[in-house]
């Protein structure tokens, strides 16, 4: 075939017999012992080390996403582990597969909404007017505003004020954080319903404050949840629940089909 | 069906409208802003917060496993992203699926070997004699000793001395770290080959030093690599290589089958 | 918690000590020996057995999707198998994860387009005029028409005339098959480019002819490719290519970063 | 890098603008309309078309494995679909990830056991004596014999006599099928327990009869279950159960942790 080759290049790192370099930093000499896991994630996503403020806020954002209890994702991982305990990596993979539009998608939806509404965060803007336009837009398309509403945490998601407090401490509380809260108030006003800003909405806004592409948002959820899923699988190995869940659901699901027992 | 139900219980956490508690700790009040991502992983795995030394060593161990360049796992994730860019979580999942016996298994193999050889790390033991027995055992079963050998990093894997230095600093350098090095020397002597202790072997030993079950080891690799895979996918989104890899391989793989072009 | 339970029900099947019933049919007595794998898939998707014509066309459609050579999906599966040969199911899973919007999505896109344009296939319609409106719509939104175009198979995808011939034989060639071909001609006329109807487009149209929901389309691709991926993994076990692909890509990708060797 | 390249080759197929060839057969001309999905699977696994007997038995074997009701695998797929309905392929992948040692592994375990005990199936052998040795071996290692026992189907798994009847019809009932039944009788005698030969055991024996490598066994389960999982996801899309399962389990799992409500 005469198709000319295109180059294949990656900037992730390189190694020689006595050196390992990741994103331009010597792994043993510069990274190990100095970077925590969140800092390393920041390096992977941005190609540079975080400063102290970035490290504090970024770690808080990712940590928020690690553990959400018995989610569908955690259940899928545990049920997978029941069948293939020798392949724990596949159980984590199964758990990650469901982090799509319904649960994790709202972070990226919120970040996209804010970035598109306010491409330049330094620009002077009438934020309340902008929030009204955003909410009207979603309402006219009959779509829900991403990042708002929570089945349990009302009227306030307790993670949100804490995340914004850390953002203020670290110098990352700006127009995106302000705008998402204006949007929340406007959405409650327009709908007449309780629509608290939830943690995924706050994290979406803080991703914008830190200058991340909205595509990074789903990645944060995925990496954080991988940590949490390993925790669930170790609990499943010690005090299993998947088999009992299976037996109960199987019994009930086919009960109406089975002929009466004599 | 009359099968009696067994209880379904998890200790991971709970929430009420105004509270979220993870592993007994208030998420907004005690965790956010105080725990980095590695600390949160430690909490998930052990049910308690790490102290400063545990935090430093544990973060270094997990950070070591995040980024290994263009691995088969990273390639699988990138090729998956090429077909389903709207489902980044599935691309990370695909990348994790290959973290099995060949690449990540050696950490857990090494930890298992060390725990079984030395169930009580405080006990006085003749470590060189124990190392000889371990190596003889593996050689008589014609198995390779897990955690030894590296295709590139010879005679020393540069991550290993750094990890052991951090272990000494933090008070976690003990009999397991010593034993794995005795095993390495004995294996080189017995085989006449260069068999450096590699990073997975050192991390396996340090898992033992920290009191982790050997099953935790694969979990460390899986969570760390999930972080790295997100990094690879963001690079793939900006400067893709998967399509070029695909085209080249497809061309070459079927070239011998295609009839000569006129 | 006082949340009332909703019922959990499935119609997939039931069993007692001496009976196994799938979708209302006795598995040993009615299905085994009588249904081929494609018929069983039809039963799973529709809840009823196919007649002879449905069986013939449906099997042809799924068979078309089984094997497409060294695709990104097949490569991802092989690279995963390299790391975890003990977990072949995870390698197939990794290969499936990439069957998203880019490669398999066009079947469902095409079926959706046709169903929305022609909700009642029996209704008398001016198909050429309808095709013009469809193509104009896509062009005005600057979207590509799903199911058209192929990098290699020009001017005709050789699977398409064969699938339509089988559809005619079996009585399933109707307005949807006609419409998709009108759309193809119109799209070529409007764009001035070669845009052959490809196999995914033809299968999308035939899904409509058989009365399937457009959501079934992706399912056909996924089940068929699972069959093909198992074939690839058995070949990989015998005559591996994944390691060589990995080595070459890793070398080339980081070559520009490595310092010159002395 | 001076590492010499090794060739990259696959025999799966090739294509030119007007031809598509899979495993040496013209896809449109020889396969479509002639092969059912099971035949195509046979072609993928063996590189040749099945004859009529092979087709009948092979299809029956795979069809047996398609639908097992609400299994952990089906539940994992449905829970994944709940979070990412836009990525059905990932939900199927999640369901496949759990087809490991516990549920699907017994087919390959049984095939391996039979092949190792009887490498040449034509050789004259005292099958009862061989069966006794096999059972003694497993009992002395305190391992369970793969392919025996079933929680529900006692004293006979109704799929087994049907599969063996088809094997007799098609000329594939031989020493492996006979041996596995001798093993079953011997295991019941030795243990004093009801240990029916189950469907995975029968299929393992029939894989041996058809000359398949034992590694093929897991592949049969994986491809068959992919078909079944698509069926489950379409039912989930119409009459969902995953959310109710999730809510119930989450409530119960953390109930003991939540403070009493006032």
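As written, the chains take the letters A, B, C and D, and residue 1 is the first residue of each chain.
Everything below uses one rule, namely that contacts are C-beta pairs under 8 Å (C-beta built on N, C-alpha and C of every residue); 3 or more make two chains touch, one makes a residue touch a chain.
The shown structure was predicted, so the numbers you read here are calculated from the model rather than taken from an experiment.
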Partner chains that chain A and chain B have in common: C, D
Chain pair with the higher count of C-beta pairs in contact (A-C, B-C): B-C
Centroid comparison with chain B (C-alpha atoms), farthest chain: C
Chain A and chain C: spacing of chain centres that average the CA atoms, whole Å: 30
Gap in Å, rounded to a whole number, between the CA centres of chain D and chain C: 22
Whole-Å gap separating chain B and chain C, where each centre is the average of the chain's CA atoms: 36
Where chain D touches two or more other chains at once, by residue number: 7-16, 69-70, 84, 86-87, 89-90, 93-94, 97-100, 104, 241, 245, 249, 253-254
List of chain C residues in touch with chain A within their complex: 7-16, 21, 84, 86-87, 89-90, 93-94, 97, 249, 252-254, 256-259, 261
Touching residues (chain side chain C, partner chain D) in the complex: 1, 3, 5-20, 22-23, 27-29, 31-33, 35-41, 44-45, 55-56, 59-60, 62-64, 66-70, 74, 87-90, 92-94, 96-100, 104, 152-154, 156, 158-159, 161-163, 165-166, 169, 213, 215-216, 218-224, 226-228, 230-235, 237, 239, 241, 244-245, 247-248, 251, 255
Footprint of chain A on chain D - complex, ascending: 69-73, 75-77, 79-87, 90-91, 93-95, 97-104, 241-243, 245-246, 249-250, 253-254
